[in-house]
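Pasting the structures in now, so scroll down.
Presented sequentially are two complexes of subunit A, the first with subunit B as partner and the second with subunit C.
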Partner chain A sequence: MALAAIDGMGRRLFAAPGRFLSVFVLAIAVILIAAPLVKIALVTISPQTIAAWGDVLTSRLSPNLFYKPLGNTLLIGASVAGGCVIIGGFLAWLVMMTDVPFRRTIAVLSTLPFMIPSFAAALAWSVLFRNERVGGQIGFLQGLGMEIPDWLAWGMVPSLIVLITHYYSLTFTVIAAALATVNADLVEAAQMTGASRRRVFFGIILPVTLPAVIAGGSLSFAGGVSNFAVPALLGLPVRMQTLSTRIYGMMEVGQTARGYVIALLLVLISAFFLWLGNRLITGRRSYATITGKGGRAKRFDLGGLRWPLCTLALTISVFATIVPVLVLTASSFAPSASALLSNWTLHYWLGESTPSIAQGLAGIAHNPDILSAIGITIGLGLIVAAAGSAVGLLISYSLVRAKRGFVPTAVSQLCFLPLFIPGIAFGAAYIALYGAPIGPFPALYGTFGLLVLAATAFLLPFAVQTGRAVIQQVSGDLEESARLTGAGFVRRLTAITIPLSARGLTAGALLVFVKIVRDLSLVVLLFTPTMPVLSVVAYRYASEGFAQFANAITVVILLISITVSLIANRLQAKSQPWLQA
Partner chain B sequence: MNSQTLRDLSLALAVVALGPVTLPALAADLDSKSPDELLAAAKAEGQVVVYSFTSRIKKVEKAFEEAYPGIDLVGYDISSTEQIARLQAEHQAGVTNADVVYISDAPVVFDKLLGAGIIGPYVPPRVADRVPAAFKQPLLAQRLSTKVLMYNEEANPNGPPVSNLWELTTERWKGRVVMVDPLQRGDYLDLMTEIVLQSGAMAAAYEAQFGKPIALSSGIANAGEQFISDLFANDVILVGSTDDVNAAVGKLGQSNPPVGFTSYSDRRDNAEEGWALQLANTVEPAPGIVFPAVLGIAEGAQNPAAARLVIDFLMGDDSATGGAGFKPFYVPGDYATRTDIAPHPDAVPLPEFKAWRVNPQKTAEIRAEIADLVLTLQ
Partner chain C sequence: MIKIVNLAKRFGAVEAVRGVSLEVPEGAFLVLVGPSGCGKSTMLRMLAGLEVPTGGLIAFGGDVVSDGEQRWTIEPAKRNAGLVFQSYALWPHMTVAGNVDWPLKVAGWDPAQRSERVGEVLTLLAIYDLANRYPNEISGGQQQRVAIARMIAAKPGILLFDEPLSNLDAKLRVEMRTELLKIHRATGATSVYVTHDQVEAMTMASHVAVMNHGLVEQFGAPRDLVADPATAFVATFLGTPPNNLIAVEPAEGGASFAGGKLLPGLDVDRPVDFMYRAEDFRVSESGNSATLALEYAEASPIAGRYMVTGTVGSLRLTAVVDRAPHLSPGDTIHFHIPDRPAAVFAKNGERLS
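Up next, the complex of A and B:
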């Protein structure tokens, strides 16, 4: 029975067209994604380390090691999802469905926060709100003489605010895209038969967009659950731990087995909630296409609320995007965050080492650690963008052309798996597998190669997504005719698919570049002093009390990240029809 | 890439020039060489990588490159805890990034690094006869460092505001004792461990403070653990680095500053940073711990000659204060292990310094247990 099944599978496997390609991409997916995860699981059940499961789950340490961090993590996930759906949904409704002024500006501003790394927003928060509880410099507001209570300076409340302002642009994008597909005929039909605005909203718009709301909510839930930087910078000083910060803490003090166990549990938890979100959407699918798409719906007349709502939307956007950037920039010039606008100096940017400032740390232009980190980070971004796009294109090509069968299904599932895996857990898995030599292959610990591999694998879902989108745009007929005239695979790819999809591919590659340049959670465990990357250098300076240096580096990351994102957006503009309205 | 190839090439040339010796023999040979004899090989290596648990490595870097132009000292400031995790991972990976390891956390270092063959000892022959035997075994100790209770002397001109460690567990000091998270920094875990090892003294101090014998809570085995548990229950503030402790405790102009456990030697930065840190040496039963800062050479170091030259340099020259190499450490609160370096005039002399001397072996035995205890308290 089993044999017959395998035999059947095997025959399909080898009979499929381009089977060499499918097996090749399967091998890539296994090496990049499946192997590290299997390895981390195997490590935790080896005889020396199996006790770690007990320590984490059922010992006197468990409450602090696992259950309290788990509680914080879930609270963060749920609150971030709720907050993001409310804010992102509100902005999307405003931009897509109403006659609010400055729609285009609001739309653009609403997509920006996601370009700002979450640790930048967290650093900006502490520049403003830091109080004297944990020593070091006090923040700007305390410097003005305001009394900042602990709950506003540290812990859960600021973490939630920062995370929501970071992830709401994600829900905005998803919900806005769904609202763009609301069928105007339905709305008009309802209006003609005398349905109230409220009725139209709850009877038509909400059901149609519900899948998007759930998708946006579960994406921001996953984002909140796996985020490392924000709870690490704002929570750790008051001993607020999440699963991510616990994994980092355990790995940093050499208790790797406990770290791996928590990492596995974190993967399972985020996977469960994303799966749940998917289930809910699948159940609702019948709403997605009721009839063909009609004309654009008439916009709701907000009446007297036009300007107040516009002001509200702009205020939210300004505080989520422009304020953090300005605050970080100012604080990279100010010797003291409590007097943010006085005594500006270029020392943190251009200064030579002086013993009296920050233990003799030199400014960015003269600091070899930072300079090499800039080079390594940009190099990493470029290589991962190129490698990711190439692998993504190859995989999606094989998926689109092969369509069904065991191998394509396995490849497709594997490639989207990293979406379910928090960066820090992924980093832990990579250390577990590639930290030691494998057969004839040397260990990759501390090498540039490890960073490239891990980052490429981590961003594969995005690369494959881009690849799929662009390949589906290229008509199969072109391929077919080329094949009939005798063009080989490589020639078809380079002469037809790539030239026709160059713009989409470039945009996708740029997004991968940005994602890796501003990533902290994946690289924070892979970091070694000899192979520094900017985000980790900034994080370490921040936690050692060298706030200005951390902020200056973050401004550099921001500049790179925002510039490249804007270029990518421009290239992709056509795929975001709601921006044209 | 290019300079790496060049370096490898020149190293190969140097090895060839030194004649047909096997590598272990070369290392043993290097151990007995004087700095002058090391210099040529060190220059051929051209670079040396130092993992250092103190940010003062940046000052050493500058001084070393002035003393030995042509040898690039690359110094990384990495906490001891992290160094241990990194060195173990690098060793497992078969990578050797570091040449010199300058580290505290002796209990773990002796066991997990020296014991596992990840680092090896080196005592420069030039100073060997001026360092007591206890500081040459099993690794060379460059100096003694501290984690002790410090207070703000501007706000407390009449001396320490605390006379007994147990006061820190009372209402008056709730939320006003600062230290680094012992799970993040090994020397703070060593401090916690020593408090447990000194449970007898802690029990006596309890009675002196509260006038009754100590009663242990359930699940608590001794007076030391009780103190740690009470300290955490009294909202001890945990921060990320000693500089955060220093700023919180020492910053000038505070009316009611906290106290905190930090390095006595950080008093050196009082003038530069605007602090008023001072040692609470009279606190009962002891203000904290004194522990060695040790030096070792990474097994398979890529720049073995330059590594030895750096260690020789860090041990100081023949002047009374140790010269340029020791200058960053010739500060009140750091105690040279070399018998011929004069004690710093502004510090409490070592014999009068009341802090406990850490016993690396005993500490290593219960350290993991104490780490778990701290974990349950957070």
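Up next, the complex of A and C:
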């Protein structure tokens, strides 16, 4: 009898929290992700606004509202994907398969561009290449007396160049990871047949890494399609519109219904191409191979091309990483971008308001708007990193535990949905849902709470991914052996899972922090003057012609991101003394 | 057929192979066996032409194919040799038939011949039904067969195997051993087979080279190696169960077991190791002056007899006897030591008698 009672109790304790947990995480996923998306779709089909579909798709306005921006968007997507695969793939091949000198340096440099926000690169571009077309200051090169043609200063070409230099590090990472797993035996087995290097490359290495190439390509496609900052800074001044900038424009002028319709269409387009990419790479063939000794593959001998290719790779990397940072820094000291290196002043950093400079705008240290934006941005980053990691851990714990069934499947699909959604469309969905009061809850528009919710939801895929990696790495036997000692859920989590996964959790939280601090596309629609964030302040200054302020703020964003990365690295090293043996 | 003279390979400061010489006739099945890191895989890779030796030479059928002094080697595809990798190295984006076909295509065979040959080897390995599957859709044992089919398709004169059975389960491993020998006979090729499993070496080889620390400790027929081990390493590495070594020291009136027990009538002039075969020991539950008392550890049945193990200190002795003793682990068991050791080894492993 007593045994039965214990048994019953044991079971109840065992199962009930699991069910509760999975319902709880489902609720989180619905509130954060499903609800805004459903709401934005519902809004566009309500009787008052359903006409917006016709306006966008079949009216006299539709070429300008939708089809021309769509054409630009697809052109950007395809060119960015192509450019990124070529550059990222080339660098990955160079680093992983050849005997090029400075491989480690090239590898590290190749992963950096993605750390620099795309608006930083766009701002740096305009510091260098801006011409007199739209008025305002001219750029450095024009200042040197070069004639910069419009096509190089504004519009599609500079947008593509900046986007490719931003996203190629993504394809590099994906393709390099794939090349690293190409078992050396596969290549040697092909060499044993007498196949030429060309044939080994095209017959074996390329097909085996093709899934990664396609994945890298479709990721950079989606990146290019959904990017807002670059076309906004380099295209909008000459009226080049993409779907992202169109959504922004519609929302700014109050035509929210049209904005929502375009946002939905952008979501569908972006999701379609990611789905297509995924479709192409999942098939009967799997690329997991049985492990052998492998690893000792001979690197491709570049011969006389070693140094030229090394120089090429380093040049690409330097122009994509170091040059923009230097240019922005210099520009934040120079009164005129056309004379980037002369008359340096600290005014834009430390100056008090002077009517003669920049219409009386004070330098960063004395500018209350910027100071409050710094506080709000860091606060937002910290809260979202903490909230995201906690929610991510909880969700992945429930997913790993439940494995299959309707609820976990729905949760896991929902959590990865934001990956398919351009930031600006996600922002629009949040305005659609939380912009107005819901029942007893007040409207969240313009509050810090809305920023936190939207950012947490938007970065949930990364948080869940981290959480999953952490749980899978630790969970299993270690957690079960703790369970056998009788330790409860919370105790196991705090005594076993979290200490062992501190490294992964910190890395994940760090990723979320840095992503939110430098994000523009999500927050640009949620921004209100009472709740400023740095990236939007920088964007505003840039579009109003105060380039030095924009650049100085961007340097602040870069400094915050870099400092946080360094601190986290130190913390990680200290938190795990057992790894240092 | 295969002649290796003073072959050496150095990776930076590491000498993986330190001067190996041996020769096997055509049709031989040479097994290179030794613990991990002994240089056996490096040997195989040099035979395959994937590594260039840093010393010595390799000749196939009288033609030099690798010359370490000149840092010169004939490329892998032109050596008339095929290699099965430990990982099988099946190209994951090609079907079974595609994997077997591709090397022939590279070699420039015409399509009709190719498809005939692919059918032939797939049938030989009993995987014809799997021709259109991808490597990830078939089992480990089937993948193994595909790897072998791919190797023999181009009819190489020398077959090289790098621990091919190490990823298979125990039962499959025994079946594949037989299968491999069948293929070896069917092709008439000379085979070189690398393994760390001495059972594979003993059952498959016509010639065995036992390697340790980059050197061949002993080269010969399996039977000779077991009957007449040249070094202490070979003595304890081969055989199931392997031979027993007992460290002994000179003592008055004979040699003494390092633990103190006197072994009368055996003169030694310095510390040495005595080798005893497991089947030469007898065990009993009571002891006398000619027995060693050990702590009973375990007994396991082996082909109708029992393998009985006892320990004392760091010494571990195994006997093969007809009946298992009625003891529990931890009880005392007495090993009857034969009058004469089967061999005596110096402390450096060299055989004395």
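Throughout what follows, the second predicted complex is superposed on the first by the 534 of 581 C-alpha atoms of A that agree within 3 Å, B and C clash if a C-alpha of one lies under 4 Å from a C-alpha of the other, contacts with A are read in each partner's own complex, and residues count from 1 in each chain.
We take it that contacts are C-beta pairs under 8 Å (C-beta built on N, C-alpha and C of every residue); 3 or more make two chains touch, one makes a residue touch a chain.
These numbers come from a predicted model, not from an experiment.
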- request: Could you look at A:E132 and tell me whether it touches subunit B, subunit C, both or neither (first, second, both, neither)?
  value: first
Task: For A:F416, select first, second, both or neither according to whether it touches subunit B, subunit C, the two together, or no partner.
output: neither
Message: Applying the document's definition of touching, compare subunit B and subunit C: which contacts more of subunit A?
response: B
- prompt: After superposition on the shared chain, which partner residues are touched by A:F102: those of subunit B (first), subunit C (second), both, or neither?
  reply: neither
Message: Looking at A:T530 after the superposition, I want to know if it touches subunit B, subunit C, both of them or none. Which is it: first, second, both, neither?
response: first
Partner chain(s) touched by A:F406 [first = subunit B, second = subunit C, both, neither]: neither
Message: Just to be sure I read the superposition right, which of the two partners does A:I431 touch: subunit B = first, subunit C = second, or both, or neither?
response: first
Message: Looking at A:A195 after the superposition, I want to know if it touches subunit B, subunit C, both of them or none. Which is it: first, second, both, neither?
response: second
Task: Would you check which partner chain A:W349 touches, where first means subunit B only, second means subunit C only, and both and neither mean what they say?
output: neither
Query: For subunit A, which residues are in contact with subunit B within the complex?
result: 60-61, 63-65, 132-137, 236-237, 239, 241, 249, 251-254, 353, 355-356, 359-361, 431, 435-437, 442-447, 528-530, 543-545
Message: Help me check something: in the complex, which residues belonging to subunit B touch subunit A?
response: 49, 51, 55-56, 58-59, 62, 76, 78, 81-82, 84-86, 88-90, 92-95, 97, 178, 183-184, 219, 237-241, 243-249, 251, 258, 272, 371-372, 375-378
- prompt: Okay, in this complex, where on subunit A does subunit C touch?
  reply: 183, 185-186, 188-195, 199, 203-204, 207-208, 210, 284-294
Task: Using the touch rule from the top, collect the residues of subunit C that touch subunit A in their complex.
output: 41, 48, 50, 75-78, 82-83, 85-93, 102-103, 106-107, 134, 136-137, 140, 143, 150, 154, 162, 167
